[in-house]
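Structures are listed in the sections that come next.
In what comes next, chain A is part of two complexes: it sits with chain B in the first one and with chain C in the second one.
So, the complex of A and B:
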């Protein structure tokens, strides 16, 4: 697949500046990207993600793609792909990792987790196994617990504060996310 | 599932030892699933179970090229013709003999005995024509009623290897072409069980057929490849429960190939069986270590899945392969919604547990803190329904218990 490796010098230096990955890492990720990009159009569509069997059966797939797809065009180009993965880079901070977890729930990307968004993600996770009412109750309680400013939705500050208070979970989440040696 | 199995089925929450040490956090849920998705994008562990080894050197130097050319000449000009002749003669002679044995009116018992001896020779013929150099560790246990032999699967050579020790039958997908012809005409004395994956009726019948088949001590050993698909001999996939739920004693057999010169992994998508044989014949050869392990029984209180995972780990340990929890079925068919529903179900149980805890905390507080005011109509509606949540939780618990009992009953009646 040698001929597909066509990142220009400019693009490469841009990517290296914005993500702190090394040149070798970016090349490797580009090969990975080309491998996933079956129709060779330079972007990964939802269907292409679904060709990986273990991804297709992941209930959180829409959120997974949503996190990569920062410009909301329903597909992931290489810039988005590599920015999405940079959370796992060697110099990534705890703050960045927490932001990723926050973004899973922040569906519309406005910087707040609203009541409806939390409900939507929980519904996606549990499918038909929880009644709407039960989820709603849980959502209400969570927002009540987490929201310090009392405006009815969770901001990132609220979120990181509550995560840091729950030390066990914080360490689990942040610890698990250092997979940079695998990239 | 054992801790060794690197598993996608391990759906338990990460902190299972101390479930939700308070304060409870909702954001814990689903994180493991999300992370698995991320990890798969970074390195897809499922696909690498089916990747063949490549033998081209990374850099071409003069020495490399010379070595390569010499090797190819040796293989193509000397080894390949010899092996092809063996291949042809072996198949031709045994086909004739097998047909003759069927036609000559021997007594049924004698014929069976003769056929079983012939299969041994036929197996050796195959091995030498494909260039397989086997080493056997331990001995193949004698056929006994209610014994079943469970083997990890890489290619057809697995079956030939074991056939050189004792004639054995297998359970497998019915195949057309050259391989189908062999299946039908030469090794039919071993009472193989062929079926068609796509036919529901045959699949349903399979367990019953296997069960009756292994009760008869006259019949050859029955081999089962519980992974269901060929794997590249670096990993073992999840062992399907079929072989483990019939109440038989399981004899694990591990086969590990030495892939120094060629990779025996059979990729059905890329080549047909005949071309696969030709490719094998054109190589220097492949070593094979066959490990016969001690028979194991299902322990008391062990579920079928745990039993299957235990046998998988035994084989993986003996052969030095890495155990994974992937379902080989996904190689052939896109994953069905049922797999996703299984994940959702377990996530649902987790969230339920969380809800129960928040409920308990709520009841311990008096008066309960006020809820934030609803912002949309939908939320209002759901809020009104939420009054009945405690009742729903009780119902849900009962339902789960009932389902558990039902599945246990099903396993027993089977």
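So, the complex of A and C:
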């Protein structure tokens, strides 16, 4: 066991309970986490993520950090790190994956995808390839079509219902996010 | 709107572009739409449709039924007065149709004739048809609509009108529209047998005009025969070999029906004492084209093609034209495209468009992140090499495969957006591989847009049939409105 590992037994059993990972896997991921944590302050900052050259310029990096950063303090601690990764693990559920995808769009974490959020997340992806007016029209229509309660934003229930009504999209995006080779 | 740093908190709630009008949430009230005597409130209807507003389905079927009842009383070839505005293909471009009415004048006082192809390709076929059929109900003797080749079950399924109806309304609304199509007349005569108007052209089976009257038009557009030719044929292209001698030859551009040459047109016009054939069916850069002029003292064209959908499929940059017939005189009024609300191909929403991209990028970033920190991870590792290989990276290997699949999905999305207008037909794969520049170059001229769109002119055959539209039908039905 590496001497730099500093996860208490309580933390370890909590993490094993809340994720699908074994003790050995959690230790390994902790080493990876420490490797990314250049200033050794126990959390990954935006700048530390940006030090990974292959993802630094990815337009969705802000949202990757966003879905890990569940307490919205603009950095990712180990607990958040491993919880986020576990959504991609073999014991994850469709519901968890859907929630993760919902959180990509729910930027402020208030439980709703609002007009501005859907707009800016789409804009992150399209850059200059789509006009702001076109994005606004698509966003307005998507909210109108998805929001069942008529309150102008999309709840997680609205989002799930919309996904489950579209089997092809749902199965492609969520169904196949399972990792089956726990060999 | 100012630039946003996506790493910092921003206004998540409000609409970032308050100047862009919001689509209407409301269904047009029945007592606003219909007066007590059953008349249709056309200004209210237009105002509502322009804001992307919807109607109650029973009100749409009522308008369809009333229009169909009128069409049913009309002969196969309607005879109309010698003062009329004639328009060619409209192809679901509702906002350009609103402009057309401005150019042509109030339908309450001006007579109009439309040559078919109201639906497919554009995104506002429902709005266009509802408004046009409401005008038919309101002005049955001065508002004339012929059937085009797109007013058929085969084409609305192959192109995007079926999908539009399912997105905005339901299969019942599509069926109501299809029933109306089956009643539309197929030809028109302007004035004292001066102009014969039809969607596409003449047929080897058409000697005397009376032959059209004997066709049973109350059915879907047939595969072949006189009715099919009237809705599918084309004049021989200007560069065709033997265009002055050939009467009819196989129409290779359409995969069905015929090309007709100048001699065939002259014979037909002479036999029936007509001046010219007026038809739509082909996109023209100027919105109209005059072909096969008479020789000698009277060089009046024998074929006039009209196209009234400007910047066709948002790509051709063509003008639209309206033919103004005033007794013996004709002239053309051209107009350019009007802005319209933006739709993604096949009416997909933001989630359907972006989720494949989101999933691809999240998973590939996760992979890269874990790869990055395993690059010098060997020292502290315990266990055998095999165990080390079986670490978390291996565990999410299928994420890598997934990532490649998402990439394909996402690239397809991007391709259809770049070539949006052509998405509902066949995409030219080679061009897409050429990337953005190749696409931009390809779209830079009218002729190139024509080349790119060639496959979409053809009548789809059984092998080329697209798979069923799957389960996206339900998407539109989720829309709820507050009364």
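Keep this in mind: the second predicted complex is superposed on the first by the 174 of 183 C-alpha atoms of A that agree within 3 Å, B and C clash if a C-alpha of one lies under 4 Å from a C-alpha of the other, contacts with A are read in each partner's own complex, and residues count from 1 in each chain.
The criterion applied here is as follows: a residue touches a chain if its C-beta (ideal position, glycine included) is under 8 Å from a C-beta of that chain, and two chains touch if they have at least 3 such contacts.
Because the structure is a prediction, the values reported are computed rather than measured.
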Problem set entry | chain A as common anchor, with chain B and chain C clashing or fitting | clash
Problem set entry | Touching partner for A:57 - first (chain B), second (chain C), both, neither | first
Exercise. Counting only touches as set out at the top, which of chain B and chain C does A:25 meet: first, second, both, neither?
Worked result: second
Problem set entry | Which of chain B and chain C A:127 touches, first, second, both or neither | first
Exercise. Who does A:137 touch here: chain B (first), chain C (second), both, or neither?
Worked result: both
For this session: Using the superposition on chain A described above, determine whether A:161 touches chain B (first), chain C (second), both, or neither.
Result: second
For this session: Name the contact category of A:17: first (chain B only), second (chain C only), both, or neither.
Result: neither
Problem set entry | Of chain B and chain C, the chain that contacts the larger number of chain A residues | C
Exercise. Which partner does A:148 contact after superposing on A: first (chain B), second (chain C), both, neither?
Worked result: second
Exercise. Both chain B and chain C touch chain A; at which residues?
Worked result: 32, 36, 49, 52-55, 58-61, 63-64, 85, 88, 101, 104, 114-116, 118-119, 121-122, 125, 129-142, 144-145, 147, 150, 159, 162-163, 165-166, 168-169, 172-173, 176-177, 179, 182-183
Seminar exercise, completed: Residue set of chain B touching chain A in the complex reads 8, 14-15, 18, 21, 23, 25-31, 33-47, 326, 330-331, 334-335, 339-341, 343-345, 347-349, 351-352, 354-355, 358, 362, 369, 371-376, 378-379, 382-383, 385-389, 392-393
Exercise. Across the complex, what residues on chain A touch chain C?
Worked result: 1-2, 4, 21, 24-25, 28-29, 31-33, 35-36, 46, 49, 52-55, 58-65, 67, 85, 88-90, 101, 104, 107-108, 110, 114-125, 129-142, 144-150, 153, 159, 161-163, 165-169, 172-173, 176-183
Problem set entry | chain A-touching residues of chain C, taken from the complex the two chains share | 1, 4, 6-7, 9-17, 20, 22-23, 25, 52, 341-344, 349-359, 361-366, 368-374, 376-377, 380-383, 390-392, 394-399, 402, 405-406, 409, 414, 417, 470-472, 474-476, 478-482
Problem set entry | List of chain A residues in touch with chain B within their complex | 32, 36, 49-50, 52-61, 63-64, 85, 88, 101, 104-105, 114-116, 118-119, 121-122, 125-145, 147, 150, 152, 159, 162-163, 165-166, 168-169, 172-173, 176-177, 179, 182-183
